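Presented below are the structures under discussion, each in the form of structure tokens.
One chain, subunit A, appears in both complexes that follow, with subunit B as partner in the first and subunit C in the second.
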Partner chain A sequence: MNHELTLPIGLPGQGMHLGVDPLSCLFLAILAPQILAVAVGEDRESVLFWVFVLGMVLAVVAADAFSLVFGFELMSAASWVLVLRGDRKPATLYAGIAMFSGACLVPALFLPAGGVAFGLILLGAGAKAGLAPLHAWLPRAHPAPPAGISALMSGGMVKVALYVIIRYGFVVMAPDVKPWWGIALIFAGGASVLIGSLRAVLETELKVVLACSTVEHVGLIATGLGIGLLAKGFGDNALAATALQGALLLAVAHGLFKPLLFLGAGAVKHATGTNSLDWLGGLIRGMPHLGGLMILGCAGMAALPLGPGFAPEFLLLHAVFGAAGTGGILGRIGFEALLAVLGLSAAMALVSGLRIVGIGFLGRPRTLRAAAAEEAGWPVLAGMALLAVLCVPVALLPGLLLAAMQPVFAELVPGAAPQPLAYAPFPLALLLAGFAAGAWWFVKIFGARGEREVPAWQGGFGKPPPWLPFGNPMTQATGTGFSEPIARAFGYTILGAKHLDPGEVYVLAPLARLHQVLTRAAERVRRATIRQRLAFVFGALVMFLLALGLAQGG
Partner chain B sequence: MSLGTISISGPFLMDQAIPGVILELQRLIVSVLNAAILFAVAPLLMGVVGRTRARLLGRPGPVFWQPYRDLQKLLRKTPVLPDTATDYYHIWPYAAFAATATAALLVPGFALGMATEKISDLITFIGLLALARAATMLAGLETGFGFGGAGAGRDALFSLFTEAAMLLLVLTFVLVAHQPSIDGIAAEFRDGRIGVSVSLGFALAAILAVALTETGRIPADNPAGHLELGMVHEAMLLEYSGKYLAIFHYTAMLRLALWFTLVGTIFCPFGMGTAADFFSWPLGMILWFAKIFAAAVALPFFEVSTAKMRVFRVPEFLGVALLLGLLSGVFLFVAARLGG
Partner chain C sequence: MIYPLAHLLGGLVLLCAFSLLSQRRLAAMISIYQLEALILSAAAAWQGYAQHELSLYLTAAITLVIKAGIAPIVLRRIVHNFNLIRAVETAMPVGVSMILGVGLIGVAVLVVLPTTINSVGLTREDLAISLSVVLLGLLVMTTRRNAVSQVIGFLSTENGLVLAAIGMPGMPFVAELSVALLVLLAFMVVGVFLLRIREHFDTLDLSGIEEIERRGR
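Presenting the complex of A and B:
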């Protein structure tokens, strides 16, 4: 650590050590804009919000294991209370997950470096980050609190959890790295990517869609980290650097566009009273500024080229190409399958981003409240605009950003010389703008002048009666209808007939059943009559004496 | 060239700088020429496809330059603006066109080594086509009418398969040619450093299936269909008219020409010129025309011999493409293991 600071509080005799190095600087830089944006947008008066922020910052600047755990748990506890304010049911689930991750992390950080410790860190921090198979809580808990807190949880808190994985996998336990660490990360990441992106296409609640997309992006980051860890273990530093570039650039980009989208979702809820895509529509008429900002954020979420999400995706795909080009045949085929998964989910991310814009903001209003939506207040717009402005350099000048992040890569993979980025968005953006302007000019010169506004054709429904100013809402595709083809072709295969998340079916549901069995057993003990209890005590005594006698006699 | 050389010997610098500048200029000229030819020929290609198809179906068919007339007719007409359209109604056609046109700049037609050589990564190309598709789908959702939403949803379904299959094909190309750029892959193939293999056969079949779907041809979609329920690409454009519809139609033509060129450049780059060598251009150009017009004639033969698939059978068709893409990579791995 370069700069250390010792606080006189904390463990007796040791205090708390705080320090920053390039990696923590990067994560502070990821946290800062979203904290600022949320503070501008809403929630700056709540004390708990600042406790939550303090926990995240403390976890990132911690220089010893105690401070790290303290910050992490502070963050968990504060966010639990914040979730509880929104909704009671997911808060309980969230508390369970937070305790599980604490129970894994606390021993892990004090164990000697090795496989057990990293496995526990992966479980603990992975559960907190929403990595499959422990991701099912995330789409329930992240949408529950007010939008600003959701924004910070999705944009910041999962990054802190990933930071713990990076810190221990690449820095603290670097000498003991085993190949399976990277492979476990890649498997968990790939599964999260597939499930997250598919659910993001199928869900109808705006905030749930965004939370599922967070699962996908966490999966992408974890995949990149896994490839980086694997390649570093095999001494392929160039590949490790490419994978890490992709993962960390995605962490930066996701930390900008996801809070933006969550803030926007909150404003939509405020204006219309609902977040369900099936009840929205045509919002861009009433909320033009918010709509424009949301289109920008969705372009990032959809990983469209010239948006902030494309450069990291590009790097990650190239990292997978590189990984598939080396190693044993099973590994190569595995990476090819991973590539197919990434391709599917890139397309699904595009569809889910489009769906938010196309169903929620374009088209005709589906309810009166959607038709009467008014522009969001200026604080929210200012917070979103701040994030949108910061998206521009990430989108158009990723090469410069990667050069600025070079110390981080040097810290994580010593001796890595990353290759220059073969994706140049700035010239592409100029070309694109040139073509659009050229087409506009050509059409202006050679095309017909003027336009005539007519009742929309609407597939033959024609002009609606005056008491239905936007026509019959039933005649346009809903969010569910739009994704129905994908649900039919993919949803039933991967999520089963009821579209249930495997994380819920195979992890949460068995846990719930176990809980029920244990509760029933406890209840039976509680209800036992005095005779039953005496019989039990007597039986136990006999067994004990029998065992004792047998042991002594033998 | 270091700074020292510049300050010491001016004439020496001139000797080296002028060929360098000329080379860059040649690369730029090739790029511009390539794009100009592609933009000019795209409607003609569509005309060839349409007329050949009509002939095969026993009709005389329109003249080859009918698409130019159609575009001119659409440009002349006053667009009617649906009253439920938002302010973004005008933006989508331009966005779709500009993204497709930018993608067209990345694909060399008659000579390798264009000015865009360094950024012509296949993933960028796929991304730009996805951007164009996104703009078209938003155009379908724009006015909120049923067919547009249905068409966009179906296009979304197809895009899942095409994107995944394309990525697997890119992996095959990268493994074979050790280059991710279209230019580099074509150069490796042209100079004969890569032999014919089973993998490439699979890759060709897969890319053809992807190309047919991406360009909205039979069996995935019927560009000449008139039943809104069965439409995919056209369904999204039903509320567009006049010059905006002209832009969308022109973008579709450009996309067809672009895919013809891409498949030709990757799988049949023999005889393509080099930007630095002016005299190799004419042969490259002749061969380019031969390739794309041959493709334009071959496409209707395929189209009249198959029927359009039901929407939910298309995933099966594309699943085969995905599988072939996967197999092409697996065969390469096996071959590498046996060979190494």
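Presenting the complex of A and C:
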């Protein structure tokens, strides 16, 4: 299935080589639905959007290093301009990260295969994918542009970055794999999972929550990839295949439900003028279709059973269990800790999904704008519905999907025979549907005849005071209040008293200080007097002469 | 007979260049520069006699007339007319700059003697001396704050270059080189003084301070 196509443009004398193999087919399949959905939903008139799409597709179908870098950088540049449409400061931060990743990737792809090259790829592509510790830009930059671009950045661009890691770790540099490559990926992934899931619970802006959740999912995928790389290095092909199944299936699922959620968040902002959970509430009455689709997406994000996110996490946990049973004592302890992190993050993901639905879409509207929200336009709904429909096979028939992805696993881990999936949601769903139908029939036959509509348990409120007969919506729990128990239990211990992201405290803040120091030094050079400059040149001359003399004399 | 005298004259030029470092008054610096130019002119004449080169006599004449004659007079007149501060402002203590100067002479010897090991035996010391003079002139330029003393450092550097050029047997265009350097020198002096740029090179914009100083006097 190796079709090569040579374009006459590109490097002089070589052109650009494009080709598809199972891996790039899989990533094209991940990209296609979200591109289609975003194009249907919004942004299809923007030229830059299509340049962005072209860059992503080019990076995935590239068959030589030059085309890969070209597509990757095209993607970065176009998305930077698109972020710039939203806000200036995140765009600047994003431009810095994009340049950093370019500066790492360009030498890496042309270096001989080995530890240095893979380390640089990990830094460059990892920064672009939002892997800890270089993830702090993602919750700032992803929410900034219009929703469709956010959707594509979160669902597609990080996948392209992960694709680069997979392509080089598993295919191009496969003969030189060292154990530490996988371990580095697992560490970065584990840290991203922990920080991302925790911040997703604590943030109040809807799009920031989604971006933090993207950090978490990227971390999960990276963890799976790391286990796969490690197991492949040790020759444990079955384990590697299981981990890769989890990682790639999660990439597929995340590429469906995350753009859906971002599109929905954009529609919410369009309808209410705000994205802050503290000012929303009760949206499902005004926008029932959007609310239903968002609930579906949140079920995927929270990895609920029978949702699209469950099967991959199931496989990932299996892989971690398997890895924990094989290594030495340090490895065992490490993987047990990873298991704890994954469990904690699954719980956090559940809370953050529940929080979006419960605070934003259920309950009573907290503001007039939220109360007056109207249903989103049909293009957005159509785009979201497309993604939701595609979620169904991922959710209910993951076994079939994995069987269809078998060539990819065969390409990445040659000679692997993955175990069949021990989780069969389709019969489970049938069973549940049967039970539900039976219960409905039972109630229909034997239940009470009359109907009376009252809010269960008063909708969770006390009796309204006499001077405010309809109650005060502000007495509902807010998004901040809802996450307060978790903030107290974990936020202070993991993120510190001010809930600052370690990525910002230990990476961005030192960089800002370094920038200040360098600026001051540059300013001092600029303001140097003629004599000082002369002295500098003179000193350099004397140093040169000294070196010359010592080299000649010695 | 040729080389000992050439070396003696070169050494005297080096001594003058070195003693420029120790001076704290402009008048003394100008006098020492005059002495240096005089010795250089003698050295050029001696080399012209030894190498039978007519152009070296020309160099000697130019040096004698312009550098040892006109330039010091112009400098003194400028100092007098513009009523410049006669003391030399140093950027570092004189002792430290002299220690640095000794170090620079060491560097010059360290560079020249090993790198020219295969070339004409007896001009190597000459080259080392010239390089020392050049470096010392640059040191004067960087350790003095007055524009006049910096210009004197520059002129001393230029003397070192001429010393190197006349010491090389068969070096072409010596006279042309010295004339070109002279033009540069003239522009420097004209630029710094006749256009009344400033007392200091040390700050970029001194118009305000100059105004205050003028009123104060």
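In this section, the second predicted complex is superposed on the first by the 502 of 554 C-alpha atoms of A that agree within 3 Å, B and C clash if a C-alpha of one lies under 4 Å from a C-alpha of the other, contacts with A are read in each partner's own complex, and residues count from 1 in each chain.
The criterion applied here is as follows: a contact is a pair of C-beta atoms (placed from the backbone, for glycine too) under 8 Å apart; a residue touches a chain by one contact, two chains touch by 3 or more.
Not measured: the values here are computed from a predicted model.
Undergrad: With the two complexes superposed on chain A, say which partner A:G450 touches: subunit B (first), subunit C (second), both, or neither.
TA: first
Undergrad: Who does A:L550 touch here: subunit B (first), subunit C (second), both, or neither?
TA: second
Undergrad: Between subunit B (first) and subunit C (second), which does A:M348 come into contact with in this model arrangement: first, second, both, or neither?
TA: first
Undergrad: Between subunit B and subunit C, point out the one touching more subunit A residues.
TA: Of subunit B and subunit C, more residues of subunit A lie in contact with B.
Undergrad: By the touch definition at the top of the document, which applies to A:Q476: first (subunit B), second (subunit C), both, or neither?
TA: First partner only.
Undergrad: Counting only touches as set out at the top, which of subunit B and subunit C does A:V542 meet: first, second, both, neither?
TA: The second partner, subunit C, only.
Undergrad: Under the stated touch criterion, which partner chain does A:G273 make contact with: subunit B (first), subunit C (second), both, or neither?
TA: neither
Undergrad: Classify the contacts of A:R531 with the two partner chains as first (subunit B alone), second (subunit C alone), both, or neither.
TA: So A:R531 only meets subunit C here.
Undergrad: Taking the superposition as given, does A:F435 touch the first partner, subunit B, the second, subunit C, both, or neither?
TA: First partner only, subunit B.
Undergrad: Can you give me the overlap between the subunit B contact set and the subunit C contact set on subunit A?
TA: Of subunit A, no residue contacts subunit B in one complex and subunit C in the other.
Undergrad: For the complex, give me every residue of subunit B touching subunit A.
TA: Those in contact with subunit A are residues 75-88, 94-95, 97-99, 101-102, 105, 118-119, 121, 123-124, 127-128, 130-131, 133-134, 137-138, 140-150, 152-154, 156-157, 159-160, 162-168, 170-171, 174-175, 180-181, 228, 238-239, 242-243, 246-247, 311-312, 315, 322, 325-326, 329-330, 333-334, 337.
Undergrad: Per the contact definition, I'd like the list of subunit C residues that touch subunit A in the complex.
TA: 91, 104, 107-108, 110-111, 114-115, 135, 138-139, 141-142, 145, 150, 201-204
Undergrad: Subunit C touches which residues of subunit A in the complex?
TA: It comes out as residues 529-531, 534-535, 538, 541-542, 545-546, 548-550, 552-553.
Undergrad: Mind pulling up the subunit A residues that touch subunit B in the complex?
TA: Going by the criterion above, the answer is residues 201, 281-282, 284-285, 288, 302-306, 310, 314, 317-318, 320-321, 324-325, 329, 332-333, 336-337, 339-340, 342-344, 346-348, 350-351, 354, 357-359, 361-364, 422-424, 427-428, 431-433, 435-436, 439-440, 443, 446-459, 461, 470-471, 475-477, 481-486, 488-490.
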